[in-house]
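Naming follows writing order (A, B, C and D), and every chain is counted from residue 1.
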Amino acid sequence: MPDTMRAAVFKDVRDIHIEEVPIPRCGPTDAIVKVTTTTICGTDSHIWRGEYPVAPGRVVGHEPAGVIHEVGEAVTGYEIGERVVVGAITPCGACYFCQAGDLSQCAGYEDQWGIIGGWRLGNSMDGVQAEYFRVPYAQANLARIPEGLSDEEVLFVTDIATTGIAAVETADVQLGDSVVVFAQGPIGLCATAGARLRGAGLVIAVDSNAKRLEMAKAMGADVVIDYTQEDPVAKVKALTSGRGADVAIEALGIQETFENCLKSVRPAGMVSSLGVYGDKVTIPLEPFIYGIGDIDIRTTLCPGGKKRLGSLMDLVKIGRLDLKQLITHRFSLDEIEEAYPLFSNQEDGVVKVTITP
Amino acid sequence: MPDTMRAAVFKDVRDIHIEEVPIPRCGPTDAIVKVTTTTICGTDSHIWRGEYPVAPGRVVGHEPAGVIHEVGEAVTGYEIGERVVVGAITPCGACYFCQAGDLSQCAGYEDQWGIIGGWRLGNSMDGVQAEYFRVPYAQANLARIPEGLSDEEVLFVTDIATTGIAAVETADVQLGDSVVVFAQGPIGLCATAGARLRGAGLVIAVDSNAKRLEMAKAMGADVVIDYTQEDPVAKVKALTSGRGADVAIEALGIQETFENCLKSVRPAGMVSSLGVYGDKVTIPLEPFIYGIGDIDIRTTLCPGGKKRLGSLMDLVKIGRLDLKQLITHRFSLDEIEEAYPLFSNQEDGVVKVTITP
Amino acid sequence: MPDTMRAAVFKDVRDIHIEEVPIPRCGPTDAIVKVTTTTICGTDSHIWRGEYPVAPGRVVGHEPAGVIHEVGEAVTGYEIGERVVVGAITPCGACYFCQAGDLSQCAGYEDQWGIIGGWRLGNSMDGVQAEYFRVPYAQANLARIPEGLSDEEVLFVTDIATTGIAAVETADVQLGDSVVVFAQGPIGLCATAGARLRGAGLVIAVDSNAKRLEMAKAMGADVVIDYTQEDPVAKVKALTSGRGADVAIEALGIQETFENCLKSVRPAGMVSSLGVYGDKVTIPLEPFIYGIGDIDIRTTLCPGGKKRLGSLMDLVKIGRLDLKQLITHRFSLDEIEEAYPLFSNQEDGVVKVTITP
Amino acid sequence: MPDTMRAAVFKDVRDIHIEEVPIPRCGPTDAIVKVTTTTICGTDSHIWRGEYPVAPGRVVGHEPAGVIHEVGEAVTGYEIGERVVVGAITPCGACYFCQAGDLSQCAGYEDQWGIIGGWRLGNSMDGVQAEYFRVPYAQANLARIPEGLSDEEVLFVTDIATTGIAAVETADVQLGDSVVVFAQGPIGLCATAGARLRGAGLVIAVDSNAKRLEMAKAMGADVVIDYTQEDPVAKVKALTSGRGADVAIEALGIQETFENCLKSVRPAGMVSSLGVYGDKVTIPLEPFIYGIGDIDIRTTLCPGGKKRLGSLMDLVKIGRLDLKQLITHRFSLDEIEEAYPLFSNQEDGVVKVTITP
């Protein structure tokens, strides 16, 4: 085995390029996975644009499918060569947060929490847009790919599907609830699929991009709203007997969609926010004045762990969840410098790309 | 029986005074209650100051203890002369919201919802700072006072105790959780008592008023913080291994306390807001950026209904909840014009007043 | 309007026949509904066989679709002629149980609870296998049929669909959970549909009747097990990595299916029971010894109320729930004496019948 | 350091005695703890009587307080000499069950689940009635003792307090609920304390032992019932307006108490069972017939993990939970052969004993 590998390294703003770097070493609770397919996430675009800080020299990327290459001595039950996915968040299972059920906020064995949470890959440690990567807390995070499923069919359970669907679960959607999802980017599309999966009675998708609204229908939306053509808040109310939706999901992270969520939900409704906010947001007066709204605002970071990834892959296998349809472009790892601007600038009708080492 | 009665009527900003008005008539699903004790609420102060609009001529007040005077023909199981309390919120039990469990957002038989919610007394219909008042949806809202309890012992279950304690329940406080309550006004004091009742592991109360901090201790706080003497956020973190509180309760309704709540909770923590906001509030960036906080923000309006009021009166009876200690001043109904400025301006160390017709 | 009507009256064991009886009178909180379509329930078969006692002379039946004929003076917002369904359970919305969220255990304005619960129609008061019936607590129980839906499309939300789906909600099925439903009678088939609706990852249906197993597939089962051909417990384990299902639903009410549920679930799994038990059941030792199973056993009675019925009709309207396919036979009210033995003895491949006055 | 130590070894029925055995070796994810105080559990009595099988030669005991003696190379953040408790259940944090939140059913890295669950110490591996023991999955299970607390103050959080209180949480006791606890052995007493801690409105304790009923009052019961003097079911109903308790907790594990729980709860009530059953139990007909009861039966095994133990120790530290009062007898490890029959046969008014190596 060689000592070095090719990897996408963050150097500077708008400068992520392929370098030859050392293959990571395997500690006792780690595994090393050989990447077979990965992708670029919206969060990687934030890094690329300099909006989210990572250390120069960091290998980026956090959504891998691959093959187990090596397992640490304290890891049990896995074989070299097994096909796995690993989530963007890598819970240790042992800390205060993991034992509280807040896996996404994992503090790790080192007991460090906060802005980083359990998101380590391509953030606080080297990531997966590379030939190999190190899996921390491998026992809790190596999720076997069910037989018969391709990398492309399961790849998005590592982050966007888990997050989008978790936002639906966080919102505690009940059978027959009306759910509106603001913004149909990759993660919003997954929330739309999640709302349908969970038994929402009416799934409403909002965006301005005709292609994405079309895809929203394929993912499970009953009604789509082009907000450039009609007022989405008024339309949601019209569709829900004037009351407003039981649940609104925010999937972009700007004031406008956040505020539209608050205005679109019924009294005592639920706003579930998974967008990545680049600025403060303001709660308009009405929902809060005299506390009269009884509104919940819940934020969701991608929960991780092999069980959750496994459950979603079960849904893919049984035919309930088609994530592969989100893929619009395919690149090799060497082409990643070309893929970053295309994906980040939403060129050429891109929804999701794959990256193959 | 006379046809008219004395009642506190909202006339104009800072002008609530006693007038002779007709005694309300009893419809088939109503009851008429003769008031024996009532109080002034912070919301009444908002009305008095002109910050919350009610129609001129409206009888105000929404926290009554009294005696059943008349029951409508469709109401069953109640006798004239029984002692009861009625909540500020009067759920009908039959509408979409009531059947969804959101009693505080009751739309009533008329199916009207929104800013008013289920708060009718002293708001959308005449209230209880009077000799008599009409109870809408009486079957669901006449809560018998357990034998042996005085009006003063149970009066505050009609609103502030129900709301303050509901905020603790909304926050789903777990045994051993650390809970910080920002602002120790009457409702914040009830939230402090609720956190203790529910089994919080550490109850922290924040205010600047020495007397209220003293009362917070009597209501159940383990630690009190005078925010003029030390930074409450830093202190909360110091008391919670650096992580932050599991739950923060906002009981004032201004940007500063709202923001302190968000800064005081641990990752994946819970902010439960029951304050009455007079202006928009802004969510600072950190808890939302990259959705990384997994923070929940939940707002609570006073839930109503005779069952909940009954449960709280059970807790008073068994000796777990001492609400009477909040009473600092007592007035007759005729003195209410004097009581309003005293209570609203927090003069003379007032916490809660009683009003006796 | 005439004073009398035809109605199916319980006279004696295996003797339910059509008689001319008075049309019920409308009290202030009631409505009178003219029945357009109804059905026979498994519970009616218990009555017919003498296994569940009702008073001789009682009009039976509790699953009506019809048209509002009269509304009481205390009922608001409904018009004569509107098409409605009314649930088997008629919560009052005002009692201890309704305010606790336990609508199915409604004690009513009379505050009577226990074995009867909120099930009044065709049980403690006259039922709906008649030309007209009285709706108690009409404000809470008149559920408008959405425009465009036929009686047959919505009829079963009045009981079996509400119950079967409620059992799934009681079990708190999570996305991707494996769910096994023991017995595919009408209510079991609805539970199967509910499991699929709610996002179960694998829905397993067990029965011995080939036609019902076929219908189970149409209602949403991924796998069906004929328990006369293979051991259902072993098969469930084989389908779930050896662990057992996350949730087992009991839909028959006998020791064998109850025990199979307990044996089929994984450690810390959930047994949700909606079957009608005619005899005591015994919990085998293993799940209970040393408390080691962490098993939950939850029983569900049909929850009622117009909101829930409305939510299910929304799911029918949007095309997620096809209940009409359960209908195998259609009778007029005058033919009901023929329909009872056919349905109760499961003759001629019957699943559900309709009865049309 | 020596190679051997004294330990209580199960040899045969009613034969547990002190032997010299090897000190356990520390694997990479383990720790070795030097025991300072331990105790005998009811489950140990089952082993002693031969009612629960463990392999001859097994060191027994699963409730330790001690000092860290050695930590594995994969364990981070702990120092030799720190004072800790370790729970009876030792969740790995990485398996399907741990990630599902069912820590007590932990399958471990070896992915073995079932009758053993996460209970390893003194069961499937050597236990803690010894000078030293090995802690599996040490990162998740070493719970530091807060400064200022003695071993005796915190010892019972390792099992009985965690279990008894967990049964209250499993039952989802709400503020003001009435709770009856059947049997006031050590674990029932902890459930009584838990009900009080959690804000129950009325805590009723049932037993026949006057001393234990006295202790129940000290632990938080409002009312005690000696079932040899009055019918506990009738008394519970009389105390709860005839409805029955909101929650009944079974803490013995026999048909009589199980059935009394089912008979004592209100419709839609909750039975939380933590007793250790030695035989099958039968559900009487009424709560199940026609599913009419809406009863939940939930069983609880001791949940583990350092967070939960830490939360309970916080409650001890803040003065809300006094567990030390349960100690009636103190023995050295060498006297354990004398302690077993005394504790198992409930001689000399014993409630709990301590064992000091």
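In this section, a residue touches a chain if its C-beta (ideal position, glycine included) is under 8 Å from a C-beta of that chain, and two chains touch if they have at least 3 such contacts.
All values derive from a computational prediction rather than experimental measurement.
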Any chain touching subunit B and subunit D at once appears in the list A, C
Can you check which chain pair, A-B or A-C, has more C-beta pairs in contact? A-B
CA centroid of subunit A to CA centroid of subunit C, Å: 40
At least two partner chains per residue is the criterion; list those residues in subunit B. 96, 100, 310
Residues of subunit B that touch subunit D when the two form their complex: 165, 168-169, 174-178, 194, 197-199, 201-202, 222, 310-312, 314-315, 318, 320
Which residues, counting only subunit A, touch subunit B once they are in their complex? 43, 46, 52, 96-97, 100, 102, 104-105, 113-117, 119, 163, 243, 253, 266-268, 273-301
Could you please specify the touching residues of subunit A with respect to subunit D in the complex? 27-29, 72-77, 91-94, 96, 98-101, 103, 109-111, 137, 139-140, 305-308, 310
